[in-house]
């Protein structure tokens, strides 16, 4: 694997990591059609836990089969595939070495009635990731939740162990619970704060939602206004999130956000690109379409990150 | 032990497991009268914990003796016998090697007054399963309960350890607690969701209850209706549950469900078979009858799975 | 130590235990005047924790001295002596080898105000039992209590460790807390249920209270009536409890029950004997009398179990 | 160090302890002016945690310096010095070997608002005690508190570890919290109960407060009256507490109790002596006076225990 | 590194620490422009966790980059740089050996809604500090909070481990939560108490806020008045805090306190110096200014501690 100068530059930002972890970051950054560009697109399939099988896969029944998602990610030339334990176990051998995998090690579900104390169950381990040949673990935190400190401490334990054995750590930083309003979960100030916390916690790759324009916290709003931090456009808001991740020293990717039509999606992804982020992590928008449609859509997204669309 | 092509196919779905675990799955799948067919019938005897000794065994007092259940399972040519620690300890040596055993490692009881936070006590360990020569551990989760995340994390620890020492993992996925209604515990959408969660958690064999026709969650109902997922008959609902278990890549068995007459039971089991499930796990319906009657009934059930009845 | 056929038969029921544990069970079953008969009488002295020193020992001040209880058990020719850590530590060396000891490893006290969530503190360990030369550990569970699952899990850990190092496990199964009524704690159905749970949890010796005639749970009452389980006399109820302990495959002993006169006590013990139980475990009734009286009483109890009274 | 017959006798009561622990008990019992008599006076300085620095040390500012307390205990010829981690760390090297130290390993403080669930934080470990050359660890339990079981379990862990490495265990048994009234904390029955529990928990040295005359628990009061346990004088009540500690087989020391004038203090200490207790553990009464006054007072206390005053 | 007599004197106060820990304390005390004087100024950057990225860094956007803070601390000739995991990871290699670092191992954030039970999440470990080449760990406790005992126990574990591997321990002792009033968090008596607790817990370096004049606790107020403890001026109050830290045997540093103009800040720092404290730990006041201004301000602060301003 010949590592590009661009990727070497990114790896240099992870200056405290061991060569094992850098190798796994390089595997992701050199994979697929965006390999070597510093950009990446990840396929995450954890919707089965979140919403159940029918709501996840009935629109495209081929997706009930775990092999489908490996194939989709590989055929689309994506950078990595992320899923919970069972989904990875069911394809890890057939697709060994074909694409970097990210073991999502905690998950929530729609049957649980937690609100202010939003939480997830830890469903996988670093040892699982190693035996399954994964490049990274993925972990969700809910900053703001009454369980946030507990989740952060779970992440600390898992991340420390992951780093010590040469795995990378991807953090889904999704503010939720506590006093946060529903709209506050994607507020400009909150997204930036969530991304920054993930960076402080030692994440290598940070996943947040695309930030909306309004603010959630008055104390923050005052500073944004006083310091005139640009935030009128999505690209500006993304730029601030990237800045909040150690001024670009950490990889930041954005989820697909709310359901929207393809044009709306492409527009948002161009803004994410223009804001300087590293890429996207898109699940339902991909595997809920027939494969041909999904591949066409992902082709367009890859081209956007290549600067060709 | 000569493993059939059908069983080899099933074992191939467990592509991330070590040969130890596959050997124990093969022991179960090659055992008894259904050995080699990919179908299985398991005898579970955990009712003593759940309902007390008299409610479990008084209708057939021979069943107070733990040896009785080993003998019943062996004489009926079943695939495996599952029970809590004490029951297995009391016969493990006398019947060593005679039939695969599944150590049920958590249990609830009728004296506890937990409701929304339904839970079970962990009563056995992987080490217990090993010293008693078991082929698998069995664990119940209550998706929906306020304790569900804790139970899932207990399962994660036990399952990871079990897999590492070559044992199989059987998960009883019984939605309960939280906001779930009583009827919702066996609703169509909920059963499929529960089975899918067990698959995501890395179960080798998944046990759920036969799904009833109504739905519990509105969000799910909409999708089932929009995508026109067939569910009018038990066989159709079972087929969807099987699909929800990685499109058939995981073994799914169904419990005996509500008490009913023999004809009703046989009809249900035919539907389970026709829906493509792997078999049944039937407790009270067997050991609460005189042995001769139980053997006759199990003979009929085996024949149904053999396609002869 | 020459082990009788009767004791060998009993030991054979513990078929999954290692020779170390069987040796310690044999030490208890071959000890004292009932040695070799399969019957046993145990002296428990944990009342200091439960009720304080004066309520326990003031009626017979010699009993403040821990050595007194060792001597009493030895002189009366009993099978074993059970007590908490401090009591055993204070005599373990002076009486090393003279009588098997059971380290009671959890205890409650009268100052605590727990009700529905009745609990005990774990006050000793398996390592303590080993260094003090004990033959067994003793542990109380409160089935029904809101803390019952936690207590059961503590027992699981201690019992697994005890068995692995060749100790026996004695379980005090005392329903309490939760929704249980005061009279329900000794109801017929509840006593049998409690004994059965202890057996399922892997206990070698099960201690319950003498069952009273009424029922606590409606669901159980229906079955007892339908199946016509005999329970009019104490002997019948004891027989059902023995049956509930794996049909006699586990040693069951009964506590002294409510305070009563000597004739009442002897009558009850004859019923316990006639019901097929293995013996008694009697504390306050013994050490709260002057030694000579206690020895006379214990002589009579031993004779009852010998079938001579 | 030549051990007296009296001390050898006391050591013989700790018959289950290893020579390491007996050596450390001997170090305390042979130390200072009361060395060899079986009596002891201990200086405890944990008031900084309990009440803050000014309330503890402002009356005698020299006491802000941790070295002061080592010097005071040594110059007064006391038996041991007890304090929390920081206080011991700050003088352990300067005074290594000069006086046995007791590391107080849990502490409360005046800022915490716990009431029924009175608790302390564990602030030191057995490993700390070893690296600092201590002879014992000290631990407070609050029998009656809603946290009592948790505290007892912390003590069990620490005590087991301490004994295994040859340290002695000193237990402050201070009833508090739960349903206990304020006056009940030092009631006659409660003090005896508290001391007995500490003995049952395996303490080598038991510290309680001087018992007041009234009773707290009705059930206890009845027994005390029925059995006519003497309790009119402090000496009688102390004698009963000593009896409650395994009939004198465990060392019992009393705290200084409520603030009082010197005559009142000496009178109380004579009663403690006359009741057969082993000594006193006095903090604020000592270090809140100018050193010369404190030394004079301690000289008088030592003489009382020597039977010379 | 030639250690001055003044620093050797300070190191001698840490008489129980191993040479590893003393070496790391010496690294801090000999670093920068105040190296060797016994005075120190530390740069802490944990505001990103506490207030989010924009409120922390927008006033001086260069501060979004973790390297900025290393450079600022080095150029200003400070004694050490303290920050959470991610901030240290992002610069630890580039600035290895250039300045002692303190890994802040717990953190709170503005999204959490804890009040009486104020808490922080543990976000780093001793192992992290070692692999990153840190000289110390930093830990915040909230004395008074309903979670204070838990935080203290986390500190005990981390501090014991840190000391055993030769790291120093810095404790932020910030009273908060429980019954404490807002003004009480910096009350004279409370600050002294908080500092004393940190000392008792074994801290090497204690950080508290500058004490205000009023009292919080009546019981304390009485003693301060009776004993006439001087507290009219900041210097007097600081002197009492120093006294409360083992009479000067522990290093005490003060935070920058409430936002104020430069003259107010310098005046306060002179009072801290005059009260005999060891120095300051100042965050927002430094990195929220343009670098040149910050360096000028820090130059003045250093001069104050040098006695030149």
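Chains: A, B, C, D and E, in written order; residue numbering restarts at 1 for each.
Criterion: a residue touches a chain if its C-beta (ideal position, glycine included) is under 8 Å from a C-beta of that chain, and two chains touch if they have at least 3 such contacts.
Chain labels with UniProt names: A, B, C, D, E = fructose-bisphosphate aldolase.
Since the model is a prediction, treat every value here as computed from it, not as a measurement.
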Third chains touching both subunit E and subunit A: none
Same or different contact residues where subunit C meets its copy subunit B, judged by the half mark: different
Centroid spacing, where centroids are CA-atom means, of subunit B and subunit D in whole angstrom: 58
Length of the line joining the C-alpha centres of subunit B and subunit C, rounded to whole Å: 36
Subunit E, residues touching no fewer than two other chains: none
Order in which chains appear around the ring, subunit C first, subunit D after it: C, D, E, A, B
In the complex with subunit D, residue positions of subunit C that touch it: 48-49, 51-55, 58-59, 61, 64-66, 84-94, 107, 109-114, 119-125, 127-128, 131-132
Subunit D partner contacts - residues on subunit E that touch it in the complex: 13-17, 116, 143-144, 146, 148-150, 152-153, 156, 160, 164, 175, 178-180, 189-190, 192-193, 196-197, 199-203, 217, 219-220, 223-224, 227, 229, 240, 243-244, 246-247, 249-250
